[in-house]
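The structures come next, written out as structure tokens.
What follows is a pair of complexes built around subunit A, which joins subunit B in one and subunit C in the other.
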Partner chain A sequence: MDLVLQLLFTGIGIGAVYALVALGFVLIFRATNVVNFAQGEFSMVAAYLMVVFAVDLGWPYWLSFLIALGGMALLGVIFNLGVYYPLRHRTFLPVIIATIGASILLSNSVLAIYGPQPQVLQGWFDTPGIQLGPVYLDSQYLLIIAVTIALVFFNYWFFEKTLLGKKLQATSQDKEMASLLGISVSTMIMITFIYSAVLGGLAGILVAPVLFVSIQMGSTIALKAFAATIIGGFGDVAGAIIGGLALGVIETFGAAYISVPYKDGFAFLVLVAFLIFRPQGIFGERVAEKA
Partner chain B sequence: MKLTRRDFAAGVVAGLAAPHIITSARAQGATIKIGMCAPVTGPAAESGRYAIQGAKLALEAVNKAGGILGKQAELIIEDDQTTNPGIVLAFSKLAAQSDIVGFLGSIRSTQVHAMAPDVLKLGKPVMIGGTDPNLTHMGNQWLFRFRPNDSYSGRVIAEYGVNTLGKKKWAVLHSTDAFGTAGGKALTAALEKLGAPPLLDQGYANQSQDFTPVVLAIKQSGADILGSYFTFENDLGIFARQLRQLGVNIPWVGSPSIVNITALKLAGPALYNTYGVADYAEDSSEASKAFGKLYRDAVKVAPDNQSSWPYDAVTVLAAAINKAGSTEPAKIREAILSIKKFPGAEGEYNFDQNGDGLHGYNIVKNDKGNIVFDKHIEFND
Partner chain C sequence: MSAPSDNVPIPAPAVRSKPLVIRHLPYFIGAAILVALAAGLRFDGYILNILLQATTFSIAVFGLSVVLGLCGQINLAQAAFFGLGAYAVGIGTTDLHLSFWLCLVGGCAIALLAGAFLGMSTLRLGGHYLAMVTISFQQIVTLVMINAIWLTRGPDGVPNIRRPELFQTSQSYLAFCVAMLAIVGYLVWHLSDTKLGRAMRAVRDNELAAGVNGIDVFRTKIYAFALCALLGGLAGGLFAGGFAYVSPDQFSFAESIVFLTMSLLGGVASPIGSAIGTGLLILIPEWLRFLKSVPGLYLAIYGLFVILIIRFMPDGIWGFVADAFNRWRAHTKAPPVAAALQLKPATVGGEYVLEVTGLSKHFGGLKAVDGVDIAVRRGGVHALIGPNGSGKTTTLNVLSGLYEATSGKIVLDGTDITHMPPHQRTAAGLGRTFQNIRLFRSMTALENVEIGAERPGNTMIGKGEDALTERAMEALNFVGLGNRANELISSFSYGHQRLIEIARALAANPTLLLLDEPAAGLNSTEKLELHELLKRIAAQGLTILIIDHDMTLVSEAAQHITVLNFGRRIADGESMAVLRHPDVVSAYLGSE
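Moving on, here comes the complex of A and B:
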């Protein structure tokens, strides 16, 4: 039982990271109908920004955190204007290819500026974790889980209870109709990119103390997060979170009880199973919304 | 001007002969070229930088001492991207340059396996750092190893753990790539010979983000000592932290990656009091000390095996070509294999007929972040 609890905690912790990045995938997909393959690189860039401000410049952690997220918001704007906006009237394929290009550009830019050395970023807390009976709770994972829960509520409130959230939803459901109702579609898409970049950045900053800061950290997480969005139901916010958490738990238990070397295989096995038997994912895309 | 039949024939002959003449002229160019495949990008880019610096330091020393066959030596570097396709591409680019007389391959066995067929086809000497024992035992006469192979590291880890630390309940953890699998097998075989077969033999896939299931398996196995073969420092760092966090404090003897600079920086105190087999240990010999000083002065970081083996590879290759008096591959090969008692940064080189230059390992201890030389264990078989 102790083993199960420990694995469950770790699985949820890792899954929460996937969920945060998956959320960014979903939001951009809903707004633009394309998959942003640079979402993982947003995490990596934010983690490096933290290293620059909190480690190299020695600024307070909270200040570095706010500036890094501000930097990510700016990156969201640049990404929207430089990658999506010029191709917005084209089919989805050129946009997807552009996001892949942007992902390569981002990782190689960081490599050129910062070098290939992995970096260490301390966590928020001085205490690495707490022992709760037989289970060790890593403080960074606790923070990641707490932030994910908070984001579930925040997203619900933001998208369902605020005017801006409703405008964003309207834009994602039918751009032409939203435009006829006086909503500035391009502004809404810009806001979506900003929010997705900040979410991706948040995931990167939170996971950096656990996985270290490296050029590859974004792509590793993004691959799983992408699988999580498909499992949860592409285009569904709740699905992204549930899909991420499920993936984290499945791969952790699969590694413990079946095979460690094939840990990544379990995640993709589940993905393939979903693609065959339930391609719309756990929650499915609400077709009525798109009609 | 009237074109005669004789002029036409002369023109055709000159046209056909020109590429050969140009190639020969280039081969007899102003410098002697050595090709190097190194991870300039990818997960091992940091260690790749150290490797390039090690090779460049050796090249400077060779050139200062008069060069190779009276000419200055030059290093041509191609990025292997830390991937198998990457190194195959990098090597093919270098192999296409006919004036390159010898090459430096990878420290990663899996990459050496990937490039090995092309090495055999080219038929020129390639210096390697990969430690999978099979590399020099699979009929490829052009691979020369500048680190002790894993049959030695496995035996040294087992012997140190069983006979010096007195532990017999082993957990063996290894990457599932070529290096890790070969290392894990060698360690398991050595432990079986010493009457201490491992209680747990656990593989893991590279670039894992979480090792909780592995740590819990070690905990449950009842092992009182851990032997490991990690390929990437990121993995080692994550594992080391989780091992300590989950309360596993048994002695740990690891393969060389456990004492490399990046791993020490990433894992910090989680690696204190661990042991490692190190092909490079600064205090193990005068030549090692001399390299250590040279490297620290030039690069401003502590030296490790990532830089020491390319340093030795370039030094030995230059010495062998000078000894052979020729850049002909077969003569270079003969000269390398005849090298005995050659003092290198990694140890004393005594090449056997398989192309293995070193036959033992140092044991070092992580003493609060400082790597301290403990003992050297040499094998004669």
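Moving on, here comes the complex of A and C:
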């Protein structure tokens, strides 16, 4: 029973990371109807930025953190201008392929610069964790869970209560109508890319001390996050979060009770099971285009 | 009606019906020369390896030209399918001591089954699912190759893979691979002009239109995907025999991306482009060896290539060349001559062609269509009218199967079609056009109409490609566009595109034709022509159900009108009486 509680805590912690990246997926998908296959690389790049500033240069953690997030915002801008924006009037297939190209470009550029050895990044706190009864709560996992909860509330407040959030929602639901109402659609899409790059970066920085900082971390996280969005119901914010948490828990238990080397395969099995038996996910995808 | 085909000069059809084998003879001669060169020339080991790699990779990339180029579906796991074939030959000929041929066929079968399974689980959904699922599958295959040491020998790989007795020397094995390349290349090249290939292109261009033209969209995608996987498996098996050693890193996700880049660079739509792209991307890294000294650098450049190609050269190198060539050739190719179109709508049922009873379609709480009855009499023109938002187009979409009915029953010519998918309704005799034109935009007018003519159950076409072309030409002549049959859709005006859509539906010889606002966006001359066309269609006994806002057109063309408002039927009957009905007048003009 103690082990179960411990695994549940770890699973939720890792699931929270998937949920954060999944959130970035969903935001871009809703704004542009495009799945950004470089979303995971945002996390990877941010983690490497942290390694550069906090480890290599030895700058304060909080300062490195701010610089890394600033760098992600910049990457969001470049990504939008270089990859998405020129293709915005094409069908989704070229855009998907371009984001895949971007993902390959980002991960291999980092590989070329930093080499294949995984890097280590310290956690935010000096205390490794606290013992709560039978369960050991790792401080980094606690931080991840806390940030995820905070972001869920922030997202709700931002999209439902602020004018900018409402404009973003309007753009994602009907671009033509939004532009007729005087909303600058291209600005809104730009903001979406910046926000989701920062969100992805945040997830990468948070998870880096738990995993190693490696070239593969981006694609691994992205796959899980994508599986999470399908499990939750494509395009649904609450679904992405629930799906991410569920996947983290399933995976952690699978690794503990079934097989460690195939840990990364469980997400795929759950994904295929959902695709076959409940493709609309827990909360349901929105209706597809019709005549 | 006399058959104008009597007047056709004899040589014209004779040229067309020359056997395929003779028309394509130059290809086989060229291929035979290449095989002879591969067998005869003396290459040193380095060149031989590069040629072997280019040959086997090309076959795998052909697979992508089918799934991505023809069918518009993505596959990011081609290296995994390649690996399945390679490991089948690797493990089979070493640990299991089986014959090479058996292992090659077995590897193809395994790849095919894996591809079909992935396709069946994912292809009903949007393309982004397929991209992610194939990436996941790729990761799983790599995990198994590395970790299932009892089977795959893990990261060490499988050495000493055997070749068939017949091709023991590297040179003869290369000749064998080139021959395989030529055969597979021929099949893939020819595929796009077969029924299956046309269906794939139709699915790529417009899934909804493909469905209502009788194409089983889901099955077509699975065929494309499974075929791609099969070619991957075949290529992998040949690769394993050629290099005698396989290890997991040769079949990683990075290799899938390399395959994708090869396909995009050369031109995704054609096997020639695939071969060009493959050759270039094998040779370039050999020339620029310093790129390989920094891990990641050449893949980073591939990634950049992908973005740039998609942005600036979406059809690849070969697409660019072929496009220029086609523009030059298009004027020299005259459309074939054809007879007058015959419509012989099936007449198995009773007095009514379409009987709709209690039809409802609810979206959540919104009752878009609510208990509507429609009975369309055989041989007449029946109009469905109503103000904006009254549920007309929703009704049409439920009739053609794009929406599932919430309740009610639809009987077409005696067949209950209520629960059929769109392509089966089309097979049962339903034809339709769309309010916002849905043609296959990368194809010619003739090819569009051919897809319509290929409707399963069309009794008006004979066997073979020539009969199909003739039927399509008849339909295009019927709408007055026969002389422009070989032009691409994009060169036609809006009004002409509508006519092509009608021709596509007519070529299928439907029992009932649904026209969704055919007059929308037409000018007054075009509207008159449309009216004439409808008369000529009706004169041949084809039943029409038309939706339109143009009251002049509706009142002149239709004998019977059904009026909807807020999803309910408010009037039904003979045209003039219905248009004077007080409820109809108030629905359109408002009441005092």
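Definition applied: the second predicted complex is superposed on the first by the 272 of 291 C-alpha atoms of A that agree within 3 Å, B and C clash if a C-alpha of one lies under 4 Å from a C-alpha of the other, contacts with A are read in each partner's own complex, and residues count from 1 in each chain.
Rule of thumb we're sticking to: a contact is a pair of C-beta atoms (placed from the backbone, for glycine too) under 8 Å apart; a residue touches a chain by one contact, two chains touch by 3 or more.
Computed from a prediction, not measured in an experiment: that's the story for all the values here.
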Contacts of A:136 with subunit B and subunit C, given as first, second, both or neither: first
Partner chain in contact with A:211 - subunit B first, subunit C second, else both or neither: first
Touch count on subunit A, higher of subunit B and subunit C: C
Which superposed partner A:127 touches (first subunit B, second subunit C, both, neither): neither
Partner chain in contact with A:116 - subunit B first, subunit C second, else both or neither: both
Subunit B versus subunit C as contact partner of A:6, first or second or both or neither: first
A:261 touches, of subunit B and subunit C: first, second, both or neither? both
Touched partner set for A:223, first subunit B, second subunit C, both or neither: second
Overlap of subunit C and subunit B interfaces on subunit A (superposed complexes): 108, 111, 115-116, 215, 261-262, 264
Contacting residues of subunit B [partner subunit A, same complex]: 41, 43, 45-46, 48-49, 176, 202-205, 207-210, 212-214, 216-217, 220, 233-234, 237-238, 241, 245-247, 262, 265-266, 268
Residues of subunit A that touch subunit C when the two form their complex: 29, 34-35, 37, 82-83, 86-87, 90, 92-94, 96-98, 100-112, 115-116, 215, 219, 223, 226-227, 230, 261-262, 264-265, 267-268, 271-272, 275-276, 279, 287-288, 290-291
Footprint of subunit A on subunit C - complex, ascending: 72, 74, 76, 121-122, 124-129, 131-133, 135-137, 139-140, 143, 146-147, 208, 253-254, 257, 260, 264, 294-297, 299-300, 302-307, 310-311, 314, 363, 393, 396-397, 402-403, 434-436, 438, 516
Partner subunit B, residues of subunit A touching it in the complex: 3, 6-7, 10, 14, 108, 111, 115-118, 120, 128-129, 136, 138, 210-212, 214-216, 220-221, 252, 255-256, 260-264
